[in-house]
C-alpha cells in the first residue's frame, strides 16, 4: 500500500517536471509546425541563469524566501533575450524549408548554444540548494518529501492553467489557435503570423527555461543538462500528440507514472520504458492520443 | 549518358590508401578507419534519405553491430576482424528486417521519431544491464586476421586494410543497387508515393528493403568501430550519436556512394582540429558548419564536385 | 461477347454523401467510353473504386472474369488497368525522361528483369527494347521529345497532362482510365491533344474510359457514354442518344448543345 502511494506521489512530482519541460515544445510545434531541438538549450539556459543569479544574490544577502521569484525572473530574463534573437535572427529565414530540415537547423543551434553556455558559465557545476531546503519537508505515512516538490507541482498546474486560459480567453490566444489550425488562412485573414511566431517561440522557450530554473535547486547544474531533457520532452509530446496542450498533460502524467512504477517495481526498466511507451503510441496512434485532426488534403 | 566513373574512382582510392597507408602515422590510420566505419553507417542513411526518410535513431544498428562484435569476443574469444564485421552486419540486418515491418509504414517526422524511440529503448536497456557493464561498457579484444595476430605496429594498418576492402565492396554493391529499378524508385517515392503505387510498385516494400540494407550497413560500421576503438558502451545508441550520423549525411550529400566516406572524413578532421584548438567550442564549430551546409550547400559537399545528382 | 470490365451493384457512401448508388456497367473490349456528369456526380469515385483506391461498400468489380474489388492500386495496375489523373501526378524533381524511366523500371521489375543480379540491358516486356529506347519512343509519340530533359515541375500545364498520360502507357495497359485528359488545356488544343492521345492509345489496342466535361470532345471520340448524376448512372448509350436524353440534358449538359 505504501509502495503504491510512493509510486503515485513520485509519479505526480515527476509528471509535473515533465509537463513544464515539455509543454513549450508542443506549443511551438502546434503553432509553428517545427520540432524545436533548442528547447533543451533553453532548459539549460534557464537552469544556469537561475543558479548563477540566485547564487549571486543570496551571497549578497538576499532573503532566501525571495529566491523563488528570482528563479522565475532569471528564466524570464534569459528567454526574453535569447529567444527573439534566434527566431528573428535565424529561424525566420528558414520557415519555407522542409520540417525535417528545420529540425536539423534547430539541432545545429542547440550544438552552438551548448558551447555558448560553456563560454558564459564555464564547465564547473553550480549548486544552489537553499530554495530546495528552505521550506522543509512533510511526511506521508513513512515517506518524506520536501515541500519544494509541491512548488514544482504548483508551477506545472499554473503553467497548464495559464496556457489554457490564454489560448481560450485572450485575444492573442485565440489568434494563436487560428494559426495552429491553418497558417495560410490565418495569414489571408490578416493575422500577423510573423509576430505570432515570435511570441510563440519566445513563450515556448520561456516555459522550457522555467523548467530548467525550477530544477536547478534540485541538481548540480552542469553542461549537457539539456541533452536528456530534449529526448524526454519528445517522448511526452509525441505520446500526447504534437501540438496538443491537454495531450502534453496526459503524456506527462503517463510517462511520470510509468517511470515511477518502473523505479519501484522493476528498476532495470526505468530508462527504456518511457521510450517503449513512446514507440507504442507512435506505432498505434502516430498522431498521439489527443491529436489535432488534420483535414485530408486529397 | 555519362560514363559511370564511380567504380574506377573507388578502385583508385582503395589502391592509393592501401599503398600509402603503410607510411601513415598511427593517429591518421585511426582517423581514416573511424571515418570508414561512420561512412558505412552514413551510406545506409543516404539510401534512406533519397527516399525522403531521415532516421533519428540509426545509432540503434550501429550499437547492435558493435555489441554483437563485442559479445562474440567476450563469449567465444573471437577477434577476427572479418568475422566480427559480418556478425555485426547480420545482427543489425536481422533486427532491421523485423523492425522494418513497422517502420516502413511511416514517413517524415513520424518515421524519424519512431526510429529515435527505438534507439533510446536499446540505450535504456543497455545502461541498466550490469552484465554488459552498464554505462561503462566493456573492452573489445585486440584484432586478429584469419587467426594471425599482427605485430603491434601493424594492427592499425591491418584493420584499415580490411575496412577499406569491406567499404569498397559495400560501396560498389550499393552503387549497383541504386541503378536498379528498385533503387531508382527512391526519388519517386519521395516526390509522389501515390504515383508509385499506381505504377504497380509497393512503396512500403521498397522502403523496407532499403531500411534493411541501411541497418546492415550500420551494423557493419558499428562492428568496425568497436574493433578500431577497442571499447563499446551504451553511448553508441544515444540520440547524440544518431545526430552525428545525420550531420555527416547532410554534410556529404546524396550524390554518390563516395560522398558518405568523404563526409565522414571531413567530419573527423573538423572534429579533431576543432577539439584540439579549443575543447569547449568544438560543438559550436560543428553546429555552425551544419548551418552553413544546410543554407549554402543543401546538396552537401558532393555537390561541389557535381552540380546535379548523379546515378 | 463478354465484357472486359464488369461493375455490378457498386455502392459507396461517405457519411451522408452518396458517391455511388447501385452502379452497374459492363465495358466491352476495345471500346471507347466517355464518362460525363457534373462535379461530385461520382465519376472519379467510380474510377477510384475500379483502381482499388477506394473500396465499395457493396458490389463487385470483375476484370476479365476475375474479381478485383479488394485489390490495391498497385495490383490493379499490374493486371493491366492504368489510370491518369485529373491533376497530373508526376515526380516533380525528375526530368520527363527520368519520370518515364521510373515507370519503365517498375514494369521491368514486375516482370523479374533488370534487377540486381541481371546482366546486360534488360528488354522491357511488351516493347522488346531497352528501357531508354522505350522512354524515348513514348515521349515522341506524345510530342514530348523536346521536354525530355526538363524537370517535371517546370513543365507547362498541357505538357504535364500529356506526360501523366504517357506514364500510363509504359505498362501496355489493356484498360486505360483517363480522368479529364483535356482539362486545363486551351480550347484550340483540346482536340489536337485528344487526337494525339487516342491515336497513341488505340495503337496499343487498349479499351479506354475517359472522363470529360466538353461534350464536343465526347461526341467526337466516344463510342458510348455513361452519364452520372448524384451517384447513379442516368444514361448508358451512344453519344447522340445519351446527349439528347432529357435527364442528361437537365442534369449534365445544362441546356442546348451547340450543334
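Per-chain numbering from 1; labels A, B and C assigned in written order.
As a working rule, a residue touches a chain if its C-beta (ideal position, glycine included) is under 8 Å from a C-beta of that chain, and two chains touch if they have at least 3 such contacts.
Being a predicted model, the structure only gives us computed values, none of them experimental.
> Treat touching chains as neighbours: how many steps, at the fewest, connect subunit A to subunit B?
Step count on the best path from subunit A to subunit B: 1.
> Please list the single chain whose C-alpha centre lies closest to the global protein C-alpha centre.
B
> Among the chains here, which has the CA centroid at the largest distance from subunit B's centroid?
That would be chain C.
> From the C-alpha centre of subunit A to that of subunit B, how far is it in Å?
33
> Quick one: report the Å distance separating subunit B from subunit C, using the average Cα coordinate of each chain.
44
> In whole angstrom, what separates the CA-based centres of subunit A and subunit C?
52
> What are the residues of subunit C that contact at least two other chains?
Residues of subunit C touching two or more partner chains: there are none.
> Counting only residues that touch at least 2 other chains, which ones in subunit B make the list?
194
> Give the list of subunit C residues in touch with subunit B in this complex.
Per the stated touch rule, the residues are 51, 72-75, 77-78, 82-83, 89-94, 101-103, 105-110, 114-116, 132, 167, 170-171.
> Looking at the complex, which residues from subunit B come into contact with subunit A?
54, 102, 106, 108-110, 112-114, 116-118, 120-125, 127-129, 194, 239-240, 243, 246, 250, 280-284, 286-288, 290-291, 294
> With touch defined as at the start, can you tell me which subunit A residues reach subunit B in the complex?
Those residues of subunit A that touch subunit B are 35, 90, 99-101, 103-105, 107-116, 118-119, 123, 227, 230-231, 234-235, 238, 242, 267-276, 278-279, 282-283, 286, 298.
> Spell out the part of subunit B that touches subunit C in their complex, as residue ranges.
1, 176-177, 180-182, 184-185, 187-188, 190-192, 194-202
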